[in-house]
Structures are given as C-alpha cells and as structure tokens.
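Letters A, B, C, D and E name the chains as they come in the text, with residue numbers starting at 1 for each one.
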Amino acid sequence: MIFRGFRHGVHPPELKDLTAHVRIRRMPFPSEVVIPLRQHTGRPARAIVRPGDRVERGDLVAEADGFLSVPMHASAAGRVRQVRLWPHPDGSYAPAVVIAVDPFSPQAQRPRVIPDWRGLTPAELVNAIRQAGVVGLGGAAFPTHVKLTPPKDVVIDTLLVNGAECEPYLTTDHRSMAEYPERVHLGIRIMMRVLGVSRAIIGVEENKPDAIAALRATLPADLDVRVQPMRVKYPQGAEKMLIKTLLGREVPSGKLPMHVGVVVQNVASVATIAEVFETGLPLIERIVTVTGRGVGRPSNLIVPVGTKVRDLLDACGGLLPEAREIVFGGPMMGNAQADLDAPVIKGTTGVVVLTEEDLKPQASYPCIRCGHCLDACPVFLNPQLLGRLAVKERYDEMEQHHLADCMLCGCCGYTCPSNIPLPQLFALAKAALRKRKAAA
Amino acid sequence: MSQERRLLITASPHLGTRDSTPKIMWHVVLSLVPVAAAAAYFFGASALLVIAGALLGALLTEGAFAGWGTLRDGSAVITGLLLALTLPPGLPVWMAFVGGAFAIGFGKLIFGGLGQNVFNPALLGRAFLQAAFPVALTTWPVPRGSFWQLKGDNLALPFTHPHAVDTVTGATPLGLMKFDHVPTEPWRLVLGTTGGSLGETSGLVILLCGAYLALRNYLNWRIPASIFLTVALLAQVLHALDPRQFPDAVFMLFSGGLMLGSVFMATDLVTSPVTNLGCWVFGAGIGLLVVVIRLWGGLAEGVMYAILLMNALVPFINRATQPKVFGHASPRAAP
Amino acid sequence: MTPKATTPAQDVLRGIWRENPVLVQLLGLCPTLAVTNSVANSLAMSAATFFVLLGSSVLVSSLKRLVPNEVRISTYVLIIATFVTVADMALEALVPAIHKALGAFVALIVVNCIILARQEAFASRHSVGRAALDAVGTGLGFSIAMLLMGTFRELLGNGTLLGHRIFGTAFEPWVIFALPPGGFLMLGIILLFLSWTARRRAEQAKVRPWPEGVAERKAA
Amino acid sequence: MGDLLWILISAMVVNNFTLTLFLGLCPFMGVSSRVATALRLGAADTFVLTLASLSAWFLNRFVLPGAPYLRLISFIIVIASLVQIVEMVIKKVSPTLFRELGIYLPLITTNCAILGLAIFQTNRGYTLLEGLFFAVGAGAGLTLALVLMASIRESTELADLPAVAQGIGLVLIIAGSLSLAFMGFAGLGMAG
Amino acid sequence: MTQPMMHHGGPPPPAAPADVPARRLLVTLAAAGAAAGLLIVVVYGWASPIIERNKARALQAAIQEVLQHPARYDTLYRGGDALTAAPPAGTDLKTAERVYLGYDAEGRAVGYAIAAGEPGFQDVIELIFGYDPATGRLLGMKVLESRETPGLGDKIEKDSAFVRQFRAAVAPLAGVKPDRHAPGDAHQVDMITGATISSRAVIRIINHAVERWGPLLAAHQPGTKP
C-alpha cells in the first residue's frame, strides 16, 4: 500500500552528484583526536582516563552517566594528552578527551571476544549495544539502547529504517546502502529480534536507485523486510514524516514514534549495530560525506570519531579559496563551524563546504505575508505568525500556536523570500521558554 | 589562518530559494509594463501623464518618509503604477499625485511600511481620490483621437478644477448596463476598446501577465480563480433568472476593473490571507461583494470596495483558517 | 489620595489643553466627527454643549449635598436631559437651519460622555465656583476641538469658511472631508500631528529629570 | 418581509452606525483592541439596542403623544433603567464578562448609539417589528465594525509602527479607511 | 490606551448617610423630576409657537416657490376618493395626507403643491413640487430634506439648471443623459452627471406622487376663489 506521503515540504537543489558515486574510503589516522564527552542526546559521559594514560583503539575513555547516556571509546591508540574544554561542533566549548595518536601503532583492536549475537537474549543484545556506545547516526544521536527498550505498555509492530537522506549534498547513507547492503540487513535482523517485531520497511528516496537495487538484491528470504522508494522531498527523512509516508500514521503532537507502534532508526545506525557484532568494536568511527564546491576532493570517508575538521579537510584536498562556510550536517539543519579544530562526532553525518553562490543571500527584508512558509511547513504551523511573535518576544503566544511541534527543519527559512531567519527565531524562542520553565 | 577568518557563521538553513522580495516585486512591475503599454496605446499621452503623476506621488512619499533606500524593493513602484491603472485617463496629474502620496503615506507607511499594512495601498489611494474628487473620478473619456491629444484636463493647475476639454466622454460598459441596461459586445470588452480607467481595458493582456506571475508562484492563483468562479457562477444564475436586468458572466468578468483587480490587486501578498483556504474564502468574498455592489449598489463598479472590504477581513480570515497542525486532532483552537 | 490644590486658572486651563476632553481624553468623539463638516455647525454644537455643561455642572454642584448617592447618576442624567431639551428647543426656535443640519446630535448631547464624566468626576465633588470654572474649561476645550475640525473640514471640503469662499472659484474642493471617512481621517491627522509635536517636545526636553506634572525643583 | 430585511441590511452596512453615522464611537475606540472583548461588547450593544427599540416604541405609542417635550427625558430614563436591570443580570450570569465590560456598561447605557436608535426610529415612524429589525441591524453593524477594528488592531500590534502612529491616531486612520471601504455600500438597493 | 472614563482624582462623592430611607430617594427624584418638568414646560411654552411658526413659514416659502408665487393657497386633505377642505373625521391632523392648492391674484387655481419622499443615494430625499393636473405640467420643485453627497448628490437642490427644468417639464418625467436629450421632448429631464442616482430618485419620486394623486386631482373641481 502506498500512501500519499506527507504534505508540504520543499525541494532544495539536491547537489548530491559531487559524492553520490564516490566509493567510501578510509582516511589516514590524524595526529590527534578529540573525543567530546557529550556527543549524544542525554547526560554527558564521565571521563575515566587521566592525562598521560595510554589507550588502545576501542578502549573505554568515558563511562555512561545514567540510562540516558552512552560510554565513549578511544578511536585511535595513543596517549591521553589532556581532558579539557574544546570547541564543540554545536558552537560551544565542551569537555573532551584529547588523545595524541601514536604514529607507530598498528591501530589494531585489542584481542577481544566477539559475542555471537545469535546466542544472546534481547536484553543481552541491548546491553552489548549500550556498552558499544551506539547512538543514532541520523543526526540527533539519540542513544539507541533507549529506543530498543520501549516501556512495557507500548506495542511496537514495525521497524522503519530511515534511508531517506533528504538533506542536500549528503551521501553517507546512500553509500552505506549501496556498498554494505548485507550489513544493513544484518542490523535489521538483530533489531527485529530485540524488538520482537515481524515487519521492517526501509524507506529510501528514489534518487538513489543503486542503493535500492543493492538492498533489494540482498533481501533476506526469511524476514518480512521491504524496500520502499519514496518521493524526493525535504524533510522526507524526519521521522514523523517518514512514518506518515510509509505507514500513513500520524504521530500525535508531543508523542514519540513508539506511541504509534514504530521504532525509526537510521540506516547507518542499523549498519553500525551489525558492525558491533561483526567486529566487536564499539562505535569509534563513522562514515562522513565531505563535500561542497569549497573543498578540493569531495569524498565519502570512514572517519575516526574525534578527527578535527582541519585534518578531515586536508584528507579531501583542503579548502578552496572560494570556501565561505563550513557546515556540520546538511545545509538545511546543520551548524556552521567557527573553528577548524572542532571534531567530527558520532552524530556528524557530513561536512559541507559552501561557497558564496551556494549560500542564501544575507540581505533580509520585512515579511510580506506571502504565505510561502505556511506552504512549506511540514507540520502545518504558521511560521509567519510565529516569526512576528518571536520578534516581539511574545513567547507564550508562540506556545499557544504550537511552537512545540516545530522540529526546526528549516523549510520555512529556506522558502522565505524576505530571508527572515525563522528557524533561528524559533530555536531562540524554544530556548527562552525552556529556560523560563526551568526557572519556574 | 586568513582562510578561517573569511568563514561565515550563519544560522541554518544555509540554502534558500533564489526568490527574494525585491525580485518578486520587480517581476510584478515588469508584468505591469504590458498593461501600462496597452493603456498608452489606447489613451495616448494622457495615460503616461497620469502614470507619471501617481508614480511620482508614491515614490516621493516613500523616499521622504521611509528613506530613499526602500525604493529599491520596488513595492512603491507597484503601488504607484497600479493606482494609476485604476484612474480615468483624463484625470489631472495633480490628483494622481495626491492619490499616490495618500496611498503610500496613509495606506502603507503609517502601518510601518512594507509588509505591515492592512489595506491595499493603491486601492486605498483610489478610494480616497474617488471620495475627494468624485466628479473627476467618474468622467470617462472614450479611447479615440491622436496619441498627443489629451483625453481630459490632465494639466490642470494643482488644487484647481479640471476644465472641460474637447473630447468625447461616455459611460463605461458597466455604467451603460447599470443605468441604461445597454450591454456591450463581449469582444470589445476582451480587447479593451471601451471607455474606462487606464488598466481596465484589455482583459487578455492582464490575464497573460497574471499567468506568468502565477507560474512563478509570485501570486496565489487561488485568489483570482476563486473570484472568477464566484462572479461567473452568481452572474450566470442571475442572468438566467432575468436576462434584461442582469448581465451574463462574460460581461461581468471582462467589464470594469475585475480583471486588473483580481489579478494584480486582490493578490497583493501583504493584504491577502496567508493560508490557501483563506485565499479561497477571500476570493469568494470579493466575488460576492462585486456582484452585490454592481447589481444592487449605488455605484456602477464595486471591485475596489470589494477588495478593500475583504482586506479588512483578512486578519479574521487568517485566524479562522489556520490549518490542522500535524499530530493534532482538530484545527487549533483560536486562543 | 489627597487632591492637589489647584488654582482657579488651573481649573479652567486643564480642560482646555492638557486634559482636553476630545484630543487627549477621546471623549465626545461622536459629535466631534458627526457635525463638524462646517464651522457654523461646529459653533452651534459647541455653544449648545457649553450651555448644557455649564448649567448641569452648576446645578449638580449646588445640589450635591441634597442628592443621595444611590440616585446620583439618575439625577445627573435628569438634569442634563433637561438642559438638553431646553437647548434643543431653543436652537430649533432661534436657528432652525442649523438645528436641521445638526440633526439628532443636539439631542444626543444628553449622552455625551464628556458631560456625565465632568459631573461624576468634578462637579459632584467641588464647590459651585470651581465646578463652573471646570465646566468653562472643558467646554472651551471641546469647542476648540470642534472648531479645529470644523475649520479644516469646511476649508478643504468646501473651500469656504463660515460660507465665505476662501480659495477662489478655481479651487477644487476635497469632498471627502465633508464625508464620514474624511471626519475620521481629519481627526486622525490632527492626533498624529499632536503626537508628533509632543514627541518632538519630549525629545527636546529630555534633560528634564521629573515626569511632567511634578513641580520643578532646584538642584540640591 | 423584503422591507424588513432591507431595514436590517441598511442599518448594518449602508448606514452603519459607527462608520457612517458616527454613533457609539467612544466604546468603538476604547474597547476595540481585542477581538474577544469586541465581540462581547457587540453582543451587549445589540441586546441593549433591542431593548431601546422596544422602549421607544412603547413610549411613542402610549406615553409621548400627549407630551412630546418629554421625549428625550423619558427615553433616557426608561432605557437607562432597563439597562440597569440587564447589568444586574450580566453580573449574575457572567462575572467575567461583567468584569471586562464593567466600566463600559455605564457607557453603553447612556451611549449615543442607543439613544440615537430610539430617536431615528421615532423620526422614521417605524412600527414595532420594523424597529426590532432596525435595532438588530444596527447592533450587527456595530459588532461588525468593532470586530473588524479589533482584528486589525491585533494584527497591527505585531507591526513595527512608526513612533507617531503608536497612539489613537492610527486607530482613527484605520476607522477612516474602513469608512472609505464601507462607502462601497452607499446607495445599496436604492438605485433603479 | 484611552480610558473613556472619569479618571480624575478628587475627593469621593459626599457620602450620604449610611442608610438613606427609600422615601428620601423617591422624594429627591420626584422633586428633581418635577423641577425639570417645570423648566421644560416653561421653555416649551415659549419655544413651541416659534417652532411651529418657523415650520409653517418654511412650508409656506416652499409652496410659494414651487407654485411660482400664487396669491394664496388652500390646504386640501385626502378624504376617501375626494379632496376635502377639512381633514376627514377621525384622522390625525399631523399625519393626514394633503396637498396645497394655489390661486393666482384673479382667484384662478394655478396648481397643486405635493410633498413626497423616497430613498435617494444616501438616504430618503423629501421634496415638494408644483403640478398642474390640467396640462400635466410641473410648476417647480424644491428639495426639503436630503443627505446626498455634498458637491455631487446635493446638486439636486443646489444646481439651479437642474432645478429649473422642473418648471416646465411634463409628467411623467423621463431622466436622460444631457448628451442624449431629444430636443422638444417636454417629458425629458437632464440628469446630473456623476449624480445619476440622486437625479433619478427625484424624477421617480415625482412620477410616483403624480401617479398617486393624479386621478384625485383631476377629479377635483377647484373653481375660482376671489
């Protein structure tokens, strides 16, 4: 059954050709890696190493702090230099473990038992995933073990695997699906076992025919797994939109996917789970698309978590003179980076180097009530009204107009001819409201 | 590290459409050029004088009170141009100037400038003129005579009466229909060889220009569509009931300012609803009011008043037609 | 709160400008807009209102000890209505043409908020003399606003003042100012102008350390 | 029936009390900043207008033929007393409405729209039924004007008004524009 | 925001004794009412004759104007199917339908003055016109009351060229645009450009009134009155 999909949304230029057909390669180890203690949604991890400690690749450097938290591991062998504040990709400074990489280490993993997943109970599987520090690789970096332990009273019937990759430029998920389809299927198998569901759907935007073909060619015969091509439209990959498109279900406001019986996981996360049980390595490296017209050699790289952008860009031919902005994530929702020392973290899907002509023009005009933002908003908010309220700091009224349902997807800002920074205004309003609630 | 210093830090989204507000506005200006050219073709130098007067009034007021830089966004040019296109060709230039100044001053700047006004500035300017100088605004020269022959006392001194000049004036098709029950041939209406204001001549040119803008999504096609549908439907039903009293749909659609008003003025982004459902409602309201005023009102033409009246309702329509928010059971309760 | 002592001059002046009933307190807007399309009408309306205001204030103030609180408002209304009926009949007898032009608005002086407001807020709490002064001030303030409107509207809307042609015969009158929208617009323009001058004055007087109304004091 | 309907429409839009006859302006300026309140004031106004129409008809029919000079006084007293009763009812039924409109109730009581209606109705010699349609039309017109003004004012609250326009001057300009727009209804139904 | 209420400080109203007996309230109100009534009656006694005189004079002037200055005129009432000199029994003098019959110096009847009113552009137009039933000719027209637009609709009373036409035109009238006037057609009246509706209303009012009164007037034999 094909549903009409979600309504509204925008069609930014895709610009994926730069890397869509570039094979994934492994980048050389940098001379230093920086592992921030906060790389996920939830409480930051607690460092357990001290300056001078020797660590091997895959060693624990920070342990989880509570259930909604994950541990961190060394992504390269070397010596701990410092545990200090370091530029974080979100623009702040955050505590991080700085490791001087041993240039002569073979970077092999320590001998370690690879558990056979078939022999484990669901609870043991979840625990292994947790110990491996796995978080969602789709962007928000939500601890995966939390998603895999739904409360007793909710019934999960479907696992949705998010291969939409609707952000322009990015090809991380695309390449993963095209090159490692079996790994994706293995991950799905493990997750279905954990969740006890009998159905899984992989949603892929139809602009990735090679990925669709590869996944279909390797479909397991014994499982109900389907590959569903979807219209190319941003934000097809946002989980509520994905659920609407693939299942026709609408996640109620303020509720989670599990409340409509669904767990959504990004393909790269799924593949990572498989990897954990294939190699025994925790989540210490990920696939990152380094792209844009401002970088010398756009590539899809396997990158150790903690690699500084500087080193990453050097591995891709360096910045070109026309580079104007470096964005972590996609250009629609990603953060611009001020500091080339900021490290790649678990949730970094891509690094996009934009030039002047790619960028939205900077001049802003008064809102002309054109209504384009209303036609773009996939959650059917009124960004025009919200924007005016935000400028007047009338946050309470914004809340009455469902600011909470805004997912900051950026469609409204993309389409606004007056170039009003709507998503930014909404993010500020959300922050102000959160602060006010915390104070109350 | 010079490289690093040249980097921008902006908020997401980092991409945007290639449309900008000035670009939209100048496209509208561009698509008004054929309409203005048609006016010049039919009414000669008089048309150019009236356009110049209204434009000058609008631009000088905008520049003087809002700063000359704002002229670059092009919206004041639209206001001046559209105002001129609603005026009779024989109007003294000074009156056109007053209209342009009022339109911008009291129709737009007093509300805070571009994007914040409630009423369509050009139409407010025209309504002001019509109430201030009702005789001059209802004197309709017939398109005839050489290019340079003025169709009225365009050059009357400021603040003085226009004098009668030697041109033929006549009732507009709507006036003829309303007061004398004399219909006009449809092809003359479509081509625009009838008497009337500068821009209410060629419906065909206006429709083509409007289609261009609609295709680029610079105007919301639902508004003209809804107006046309409502007017055609009502007119055809009434015509069937009493053909002598009530004109047919073609006449209603192509006479008077309905084309210009529906395509260029009801669609003013600022003064029309932001929701699509609202646009349908807005258009239907305009269509209904046009029919009521034309057929039962004291005035021959009601497009201007219909749009102004519906402009006043826009805040209300916006609030009443908010779509159902994703994940909510019913349309949001208006707080 | 103890009332500030005011001088008789202040009693009068207050109503004329600082607390002008129309331009500042926005009371009595209906007559200010409805009958000000000519100076003659404005004058007649002002005179009638002035008469009613003065008469009622004096009477209310002198009766204030006799009237029980419970029937206070009813008594005021009764008094005002009496004076209005008298004024109405007098105008009709003496200047029938103007009475016709003012239409129902003479009778509507009864409900003019200015008058009742002055009774309730001032006349019923002060001596006859001060009530009369206050009525004079308020009445003058009302008249000023009426005349301002009447003058501009007749001048622009008809090109005349009290019926005399001012701008010569070539002048094209701006009929709108004789029509209802013109009334709103003219008052709006006057208020915008006042707010603009007030703002300019405030900017020039920014050095003043105390808000307006607080007596000037010497620097220590 | 046509005539009655006509009286209603005419009082509502053609000769709108607020926008073309200038009646009831003080509450129009004072209570038009929120749509919710404006609606309720409009409803209250309509109700009082209906009461006024009834009272005027009664007085004209039974009391005043003998004493025309008491017209004004009797209108005002009777209407005021009736509204006083209404006020007490509202206080009982909806204390919130009473609180919000509390200070305006005296204004409605002795409002020129109310007395104006009584006087017009008398001058035009309306019958009981005509008077009621007139009152309902006038009330609907007042409500329409109030609500339009309130919704526009709410939207201008979000605008960056120039400094001079932040007072009541802008409200009058908006009222003028509304009044201009309502001129479109002039002559409605009178042509022909 | 504005506070259309009383916001002046000042001492509170003199507190009445805590419990005012109802009797005192009534007495106060009654006394005030009586005093007010007295004042009004006195003024009414003075003003009402003047007002009546003014009204009579205005009417007289209008009749004089529309009947082209007759020597004198009579008031005739509609009584059933005939005109009577006295109001028919049982009708209210104020509302009785009437016309005014004018006589010239020789005592010959010159025509009737008829008052009528119907909606115009803004509001009801009240007018009076002179009419000679023998020839169907109008003798004159005067607008008594109208709220038409100044400078436009009010030309029906202020535009002397328009008003003058009603001194010769023959009923039933037909309004035409000035440029379409057929020469020699006495039924045609030029309408005012830009005030078609008001002009049309005047013509319609007269035509309706003539329709209504015509048979009655034609049947009436005024005779001569010296």
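As a convention for this text, a residue touches a chain if its C-beta (ideal position, glycine included) is under 8 Å from a C-beta of that chain, and two chains touch if they have at least 3 such contacts.
Only a predicted model underlies this, so the values are computations on that prediction, with no experimental measurement involved.
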Contact-graph separation of chain A and chain E, given in steps at minimum: 2
Shared chain contacts [chain A and chain C, defined touch]: B, D
Most central chain, judged by mean C-alpha position against the global CA mean: B
Of A-B and C-E, whichever chain pair has more C-beta contact pairs: A-B
Of all other chains, the one whose Cα centre sits farthest from chain C: A
Rounded Å distance, chain B centre to chain D centre (Cα mean): 33
CA centroid of chain A to CA centroid of chain D, Å: 61
Where chain D and chain E are represented by their mean Cα positions, the distance between them in whole Å: 28
Intercentroid distance (Cα basis), chain D paired with chain C, Å: 22
Per-residue overlap in chain C, given as positions that touch at least 2 other chains: 26-27, 74, 78, 81-82, 85, 89, 113, 175, 179, 181-182, 185, 192
Touching two or more other chains - residues of chain A: 366, 385
Set of chain E residues in contact with two or more other chains: 2-5, 36, 40, 44, 48, 121, 149, 151-152, 197, 200
Pairwise chain contacts under the document criterion: A-B, A-D, B-C, B-D, B-E, C-D, C-E, D-E
Contact footprint of chain B on chain D as seen in their complex: 35, 147-148, 151-152, 154-156, 159-162, 165, 170, 173-174, 177-178, 180-191
Of all residues in chain A, those that touch chain D in their complex: 366, 385, 388-389, 391-392
Complex contacts: residues of chain D adjacent to chain C: 19-26, 29-30, 69, 72-73, 76-77, 80, 106-107, 110-112, 114-116, 119-120, 123, 163-173, 175-177, 179-180, 183
Sites on chain E touched by chain C in the complex: 2-16, 20, 24-25, 28-29, 32-33, 36, 39-40, 43-44, 46-48, 50-51, 54-55, 58, 145, 149-152
Contact footprint of chain B on chain C as seen in their complex: 167, 170-172, 174-177, 179, 181-182, 185, 192
